[in-house]
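Chain lettering (A, B, C and D) follows the sequence in which the chains are written, and residue indices restart at 1 in each chain.
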Amino acid sequence: MTLRVTVWNEFRHEKTHEAVREVYPNGLHEPIANHLREQGMEVRIATLDEPEHGLTDAVLAQTDVLTWWGHMAHGDVKDEIVERVQKRVLAGMGLIVLHSGHFSKIFKRLMGTSCDLKWREANEKERIWVVEPGHPIAEGLGEYFEIPHEEMYGERFDIPAPDTLVLVSWFQGGEIFRSGCCYHRGNGKVFYFRPGHETHPTYYQPEVLHVIANGVRWAAPVPGPQVVFGHHPQPLEAIPV
Amino acid sequence: MTLRVTVWNEFRHEKTHEAVREVYPNGLHEPIANHLREQGMEVRIATLDEPEHGLTDAVLAQTDVLTWWGHMAHGDVKDEIVERVQKRVLAGMGLIVLHSGHFSKIFKRLMGTSCDLKWREANEKERIWVVEPGHPIAEGLGEYFEIPHEEMYGERFDIPAPDTLVLVSWFQGGEIFRSGCCYHRGNGKVFYFRPGHETHPTYYQPEVLHVIANGVRWAAPVPGPQVVFGHHPQPLEAIPV
Amino acid sequence: MTLRVTVWNEFRHEKTHEAVREVYPNGLHEPIANHLREQGMEVRIATLDEPEHGLTDAVLAQTDVLTWWGHMAHGDVKDEIVERVQKRVLAGMGLIVLHSGHFSKIFKRLMGTSCDLKWREANEKERIWVVEPGHPIAEGLGEYFEIPHEEMYGERFDIPAPDTLVLVSWFQGGEIFRSGCCYHRGNGKVFYFRPGHETHPTYYQPEVLHVIANGVRWAAPVPGPQVVFGHHPQPLEAIPV
Amino acid sequence: MTLRVTVWNEFRHEKTHEAVREVYPNGLHEPIANHLREQGMEVRIATLDEPEHGLTDAVLAQTDVLTWWGHMAHGDVKDEIVERVQKRVLAGMGLIVLHSGHFSKIFKRLMGTSCDLKWREANEKERIWVVEPGHPIAEGLGEYFEIPHEEMYGERFDIPAPDTLVLVSWFQGGEIFRSGCCYHRGNGKVFYFRPGHETHPTYYQPEVLHVIANGVRWAAPVPGPQVVFGHHPQPLEAIPV
């Protein structure tokens, strides 16, 4: 069954910052979408400045996994759309949160914490280590991979402890970071993946794209039980008087 | 050091439902507060209809652990107070969420999920099993304890998998429930504890009070690192050019 | 890619107990193996009384996932074979431990605990609830399923807290049990699944077979990093003197 | 109640390697024991070359928490003593495994994995970050602390994912490591803490000693339920015929 992925990008930096446009002339969603298409997935793009941010009920209903990149305009995402996305995740849709998406409304809402962290732009090297090698998101990876120049994100990362921690980053400047974090939320799954600063060509790097594709496959909906919440006046077993 | 606990109660049922007033004439916070005082804790009461719901900045600043019971008026809790409580939890305050508090704004916000469940009022027996006997919240308990008559809460309980699952309930009518759930959130800790329907004398039962007191002690703030989030332009190590 | 499964059965009860032979005339591995074959898997049988318990190096090398049922003769499994299986799991092979396999040498060795529990044979009803509906092992299940007559297993089950708890059982006699438990161990994955007493036709029940097949698929090896342990005298980064 | 701690040291390097004796003339257990005594704990020393390795039934019965350092002679620890220690842990005793103790028989047995890792002796700097600041083991720590010169331990560390991950190390040479790992095993608790190579004065460093003392307090036995395993022929509830 073909996975249907919606790649969501804030898509503002690319229009306003020359340095970003040089790296991602058509938006940083482009290399991500291209790679997922090459993997046989059906990919749609959605961006902040479209009506309903491109995330209408119809679009979400046809989305198995949503990837999310945002940074400078988290506050412009309408609360009702955030609510809508959260509901879809709880109903089973996968969500891949990328890099600065850690501060998006949707990630903060699904985590329940500030999702704050330390950061620095110093073009430093990042080395991402696999700490759970049997996890599907580690498929096809080596023991680590390096990104030659990235923004630093450092601990303490204010998230709930992941259900599964798959990747941990080492930074040249002295920090570490939980960079690949898996969560179940409702019937859905969430994967946070750290790399992807807008001025670096990170989303052209094969290992990074590979992890995103693995994350999408892992987060794909499982047709499990349809839970019926609420009042169940009838016991399943007779209750002795 | 004396633990400072604020016992928060919605305190509406007791004023409007005769059946509840008969069981808890002075509010269901009373037996909880009394027990915690007997344990040597410094206890304050706060209720929904006080200004700022009794949860002013000053009160929260002097609260190590907050216990929360609400049911019929979750919607009346002001969002700004919810935000304030969340910030205090992330800063280290403990939070004990009781029974129907599963649907409180603060619990849903800290969990990021719907926190929905199945329920039934059939006066059935609940048997609460300890599944993590070395956890501080299991201190002093037997292998299980029973509550003769309680409201049923059944799975699927739409919460993130607890960091530690300590208690699981068996219900006469055929359901099970994750009844004692521990979470780290920010520098704070959250304990959800299932029992406590307002028409049953559950909060007079010694084992129930014992678990609440254990929960309060477990959730007490730890004077750990004061995290400094945000921009750290200066690397800790020299970055080779 | 076709999954290669080895269904291991102690296969002693079926030869010595008439009551068991009546239910499973060709061994309780038969209905399990048949179901997995119907799912398109390549299935091999191995039993205790074969040379090397049917688990030669060659067999294990060609096994993606091993299922394990044992009960009356755990002590007859040779330590060297246990060691061999453990190594294969740590190298990536999946392991599905069924019912009384909780007391097998291999499960105790991989868990590090006694794996003890409470039990009773009273032909009682078991109702298995899904508590993590988005997990692959819950695929295709309803909110719960029932087994009309089973042996009871009750908590405290002395296992490490599972990485993911998927299923919890309710028993008519008053106990609960963590019945579907997922673990990463090394590069491999382990799934413990409770049902399957030898005198009940449990392994003919569609939901039970379905969970086993889901477990096999979840536990299939992931071609992740080949970890090189040990001495790495050469740092990846120059260490300032 | 005074915590009773047994500090176990292999105590071979100190007798045979001049470089180690210079750093720890009376054994590396000495500074650890001294610090725990200063914290008001009752401390006993036990070493490999004593009868029963100093871990008689009587000693273990009076030990709340055992700390373990071993390296060159793991194989000399008798299996029956390992079995005895495991039983005491499962019965509630705390265990603090230090540094090269990762390869001890007792740690491997309690983890069920190889506990292997990468290592290098290059006198490099280690920076240990707190990733779970509300955990009791983080009490009194800053956001990180540094050890100027240590042996490197790097991932992949072949352990089960910790129940709680508290500390993660950054190494100058480019690796990271899960350095503070908490586990429940049976009624007992296990804390693995990475630092402590025998040629470095690590166990004189205040932060290291502080973490060990925090670990001991966290791992102290909880007088929880005494579990009765095995046959329970009598159901707690009447089973309908």
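The definition used in the following text is that contacts are C-beta pairs under 8 Å (C-beta built on N, C-alpha and C of every residue); 3 or more make two chains touch, one makes a residue touch a chain.
Keep in mind the model is a prediction, meaning the values are calculated, not measured.
Using the contact threshold fixed earlier, the set of chains in contact with both chain A and chain D is B, C. The pair from A-B, B-C or A-D that reproduces the interface of C-D, where over half of the contact pairs by residue number are the same, turns out to be A-B.
As for how the two copies chain B and chain C face one another, over half of their interface residue numbers coincide.
Chain centres here are C-alpha means, and the one lying farthest from chain C is B. As a whole-number value, the distance joining the C-alpha centres of chain B and chain D reads 32 Å. Rounded to a whole number, the gap between the C-alpha centres of chain B and chain C is 36 angstrom. Among the residues of chain B, those touching two or more other chains are numbered 127, 130, 132-133, 143, 154, 156, 161, 163-164, 172, 174-175, 184, 186, 225, 227-228, 236-237, 240.
The part of chain D that touches chain B in the complex is made up of residues 92, 127, 130, 132-136, 138-143, 163-164, 172, 184, 186-189, 221-228, 236-237. Residues 86, 90, 109-114, 116-120, 122-124, 152, 154, 156, 158, 160-161, 163, 172-175, 183-186, 225, 227-237, 239-240 of chain C touch chain D in their complex. Only residues 127, 129-133, 143, 154-157, 161, 164-165, 168-171, 174-176, 178, 238, 240 of chain B touch chain C when the two sit together in their complex.
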